[in-house]
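Take a look at the structure below.
Chains here go by letter, A, B, C and D, matching the order in which they are written, and residues are numbered from 1 within each.
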Amino acid sequence: MAPTPTGQLELYTLMVRSRAFEEAAIALAAAGDIPGSWLSGVGQEGTLGAISQLRPDDYLTYTHRGSYGFIGRGSDPKRLMAELLGKRTGYSKGKGGRHIADLEHGILGKSGTIGAHAPLAIGAATAVQIRGGDQVVMSLFGEGTSNRGTTHSSLVAASVWRLPVVWLCENNGYMGSVPARAYTAVTDIADMAASYGMPGTVVDGNDVSAVHQAAEDAIDRARAGQGPSLLELKTFRMRAFGESWPELRDPAEIAAWQERDPILLYQRQLTASDRLTVADVEAIRAAAHAEMAAAAEFARESPFPDPAEAFEDLYA
Amino acid sequence: MAPTPTGQLELYTLMVRSRAFEEAAIALAAAGDIPGSWLSGVGQEGTLGAISQLRPDDYLTYTHRGSYGFIGRGSDPKRLMAELLGKRTGYSKGKGGRHIADLEHGILGKSGTIGAHAPLAIGAATAVQIRGGDQVVMSLFGEGTSNRGTTHSSLVAASVWRLPVVWLCENNGYMGSVPARAYTAVTDIADMAASYGMPGTVVDGNDVSAVHQAAEDAIDRARAGQGPSLLELKTFRMRAFGESWPELRDPAEIAAWQERDPILLYQRQLTASDRLTVADVEAIRAAAHAEMAAAAEFARESPFPDPAEAFEDLYA
Amino acid sequence: MRTLTISQAMNEALHEEMRRDPAVYVVGLGLYPSDGDDATSGLVDEFGERRVRSAPNDEALIAGSAVGAALVGMRPVAEFYLADFAFNALDEILSKAGKWRYMHGSNAGMKLPIVFLQGIGGYVGAAAEHSQSPLALYWHSPGLKIVAPSTSYDAKGLLKTAVRDDNPVMFFIHKFEDSGPVPEDEYLIPFGVAEIRRDGADATVVATSYMVTLALQAAENLADRGVDVEVIDPRTLEPLDIDTIVGSVQKTGRLVVVDEDTERCGVAAEIGAQVLERDFAALRAPVGRVANPNLPVPYSPPLEEAVLPSVAKIEAAILATLA
Amino acid sequence: MRTLTISQAMNEALHEEMRRDPAVYVVGLGLYPSDGDDATSGLVDEFGERRVRSAPNDEALIAGSAVGAALVGMRPVAEFYLADFAFNALDEILSKAGKWRYMHGSNAGMKLPIVFLQGIGGYVGAAAEHSQSPLALYWHSPGLKIVAPSTSYDAKGLLKTAVRDDNPVMFFIHKFEDSGPVPEDEYLIPFGVAEIRRDGADATVVATSYMVTLALQAAENLADRGVDVEVIDPRTLEPLDIDTIVGSVQKTGRLVVVDEDTERCGVAAEIGAQVLERDFAALRAPVGRVANPNLPVPYSPPLEEAVLPSVAKIEAAILATLA
């Protein structure tokens, strides 16, 4: 089912806000304000069609890339940005950098090793099942990460234990600058679902309405106790692997995907159906940029942690 | 293609010799002569239909279970048995116990952790490919081990690198005493092949002729540079998980499989087609038992290593 | 008082804790149906397959799932059978369980109450990949508590504490399991409190797990020869009761540490360093390290004996500190 | 003489060794196309995709495949980018590479000529899971050689030796890479030979990799204050040139070990223990351990500085041994 008109505006706004966050983070990285680095998610905001449908008490496991998971769940951009700058006001009090958890919004943390999130998702789903709840766990991974052993064993466990997991593979066609054909055995990661006896669906990841539709089915299924599904979102990352990495992909390929920018596509859909006016677009964008500028400002002005704080937080 | 008449007799003889080795090892274990333990392969000798077709210069990676891989490749039963008894004359000079390598026969070693053989097979196949040879790597794993992440990533690598590997899953329906439905997402492990874009075939693992046929195709394919295949041999282990473990499976199920003993089935096929007489059967069995009794005797009479030898063999 | 094996004592602890707290569950291999009289036997009958979860065979999955469940409020007990197998889960244990709370700034009060149960030890002809005792590997890494009981009494009381601890706990049980008295009444044993297993004036021996049994035997043998050995069992390495150890060394002037793990960068080197940092003058001889001389554990009995600590080697090391 | 970065020096070593021996090949992540000026840049252009193999992203696969290839006569160089990621391959590295030869009794002359290349180190805001320096983890485990060069010259000569060694070698390169002179002519540097980076009479500092740079700076600073520090770079921990270290300590009576890894069961504890075992009388003060105080590496610069070794901390530790 398509989102309600309000829902459509909200989804569009989330996408624009995520993009604005990315742009602010990219600018901070370029200015040398981020001690580590930022792995941008620009171009992959179509995934919000899935994430935005989670209930507040659902869980999300997130990858190394982008901010839309956090924005989509309602995390505070100020605290996100402060963390990137290593400030005490950040989600990890400056200890994690881009490795951020927001447990209040059910985001379990960001791993430094790819593929480590999948078993975490199994654990959260196990908890739901033991407690007899109807929460859903959404778990993101890249097509490169589909090769990790943990992805495999977690998909097995989700299936044999019939866990409420929605697996979301964001296939952006590259691992670093290596094209997917060099490391994936199948063209469609969704085909892997056959190994696990779960439904596998290929979705145009840049068409947020299509993502919304496919995710709705998978979420319903999981919530109803009918087990896991695998959705593959075909998408593209518009920035280099990370902000401090060179871009080595073909500029023509990048330009072609520019035409399929998920925000642009949705904007066209919504303006065509009169859900959105040019003025709306402008207002939403302006508000988002103001919000993220304020977040950057907050981050910049926040204090660094005191060295003594390094000795806190190891044990509960 | 079925083996030649001589080939059939040879294959049958290998099966009987493997079984005789197992029985001798089981007796030694019962007598307390084996310091560690023995994980018997009785009932799974049908796999010899595949192993026996390897060329002397091919490679095999082996699991934790049974002796037929070694017997099938031409390893020396005396040295195998001596190793089980921790004797200096063993394949590992008493250092490994049931963890045995026989590099002269292309057997790369036995791992203490299940699933670790699959990447080894990738490495051996990589070597073949780099050298431009036409050797084949056969790699065994149990259906329980199909869940290990290393199995997955190795099957991916075999596929994307188009390596000459024949994957052989011996599906004996149990991991310890846990039935497969508790840990495998699919009924047929061969279905996993879809995830890797390689052929996957289910074979009656106790019908050695069927195994022979299916393996021949897979070996030919690998040798011709057409890439890996996955064969699933449905079989059953007739002994408990290990000789020092209790048997917790249903006796009725065990009894039913007794009727499908791979040696018995092949014997019936061969006697029906007059390849084998009752006298042959007796002679082959007697020779095998004499051979393995001599191996056990050799092992028992061999000296233990000197304590000082513990300090050798770490570095080359 | 009744006598229980360490496994039986642990089994009782798990039953009690699972009854007490519905957030406690067990996940691992070979739990269902139980293969014998071990720490997890019978749990599935009482608590069902959801809370006693036999997993697909991938240790990274088991460990990582425990972390995920702990993050949302559960108290998993992850069972690996042997510590050797947990090597497949070291990213999950070292970098997820051990560091997740810290690296996320203890976000929203993040807790990681996980018990990682593992078998350790040699002496049974299990060879290189089924005989390891990797205590130092985990002690070296931040964020993990380390428990290695030597008696049934301690195993029960420490396991109950481990289940209630809000941090990841590596809980090591030796294959060579002792039996001992265990009271019927509930009790817990706090982490970080060493037990002096034998008083002595001439030399201090520190040992955990099965090494305590060997050390006590060595002490008895030396007593016959007029050497009076104190044997200290720290019970937990993290936290470590270094005060008790230093106090003893200040009395005896001699220290021998027995550790089944490989010697290099091991438990003995660390305890020796800490003692010297606390009181450089206390030691009158170098620390005796009785440990595996940096070899994989071999299979054959005479080789295994050559590599692993023994009563004779402990005696020799004690005498060397007195020479 | 021309000046090269450590990566450039290693790159040259790999080119030379791959030309010399067709059994040498490279497997890892992000090798093709190269992402920049690193140790593996350009190799694929000269040697092709079969010998410069960009792998599916699974470190256990990469490490295990290197073991398999080595068993059949190849000489793999397995590249992990960061040591942190290799935690996913610890069963393969510790229990296959490290123990396979021993546990199989060196069957048929089994050799395991593998180089495991890994980046280590902090100081760049990379946080807990991208900043580790797990030298002690590997040194603790049997069967692995450990190399951690501090200069471009050493990096090239040691890498060539590593490729030709018939055993698994853990080769660690710090993120903070130095440049230095590298001769055009071929040379190799043997394992187990320490380099005295600075002569001194008052205290001995042992350091590897980037810690050597910090230690030399500390020594210079203290020289201004009349303290004469000797700085020893063992270059390889396994094998360790303990003779040179003991000789120096016998002269100075003081020892400080600098190690970026966590302190507990670390390199400093081990070197301290070995020195005391060799000559209990040589030390006039406890061994100074400058290491990570058992914390994950935090992200924010002031926190990272609080946790990792620094010039100031090394100076303080040296002065403490002289107090």
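Quick notes on this one:
The rule is short, and it goes like this: a residue touches a chain if its C-beta (ideal position, glycine included) is under 8 Å from a C-beta of that chain, and two chains touch if they have at least 3 such contacts.
Small disclaimer: the values here were computed from a predicted structure and weren't measured.
More inter-chain C-beta contacts link the pair B-D than the other of B-C and B-D. Distance from the chain B centre to the chain C centre is 36 Å, each centre being the mean of its Cα atoms.
Centroid to centroid, with C-alpha atoms defining each point, chain A and chain C lie 40 Å apart. Chain D has its Cα centroid 30 Å from the Cα centroid of chain C. In chain C, 55-56, 58, 60-61, 84, 87-88, 91, 95, 102-103, 127-129, 142-143, 295-296, 298-299 are the positions where the chain touches two or more neighbouring chains simultaneously. Shared interface positions of chain A, i.e. residues touching 2 or more other chains, are given as 92, 94-96, 99, 111-113, 147-150, 152-153, 156, 160, 182-184, 314. The touch graph of these protein chains is complete, with an edge between every pair of chains.
Taken in their complex, chain B has these residues touching chain A: 147-153, 155-156, 159-160, 181-186, 191-192, 194-198.
Chain contact summary for the complex, chain D toward chain B: residues 22, 25, 27, 50-51, 53, 55-56, 58, 60-74, 76, 91-92, 95-96, 100-113, 142-143, 166-167.
Chain B contributes residues 34-36, 86-87, 92, 94-99, 111-115, 144-145, 147-149, 175-178, 182-184, 241, 245-246, 248, 304-311, 314 to its touches with chain C in the complex. Chain C makes touch with chain D in their complex at residues 60, 84, 87-88, 90-91, 94-95, 98-99, 102-103, 127-129, 136-137, 139-143, 261-262, 264-270, 272-273, 276-277, 280, 285-287, 289, 294-296, 298-299. The touching residues of chain D, counted against chain A in their complex, run 29-30, 32-33, 35-36, 54-58, 60-61, 84-85, 87-88, 124-130, 293, 295-296, 298-307.
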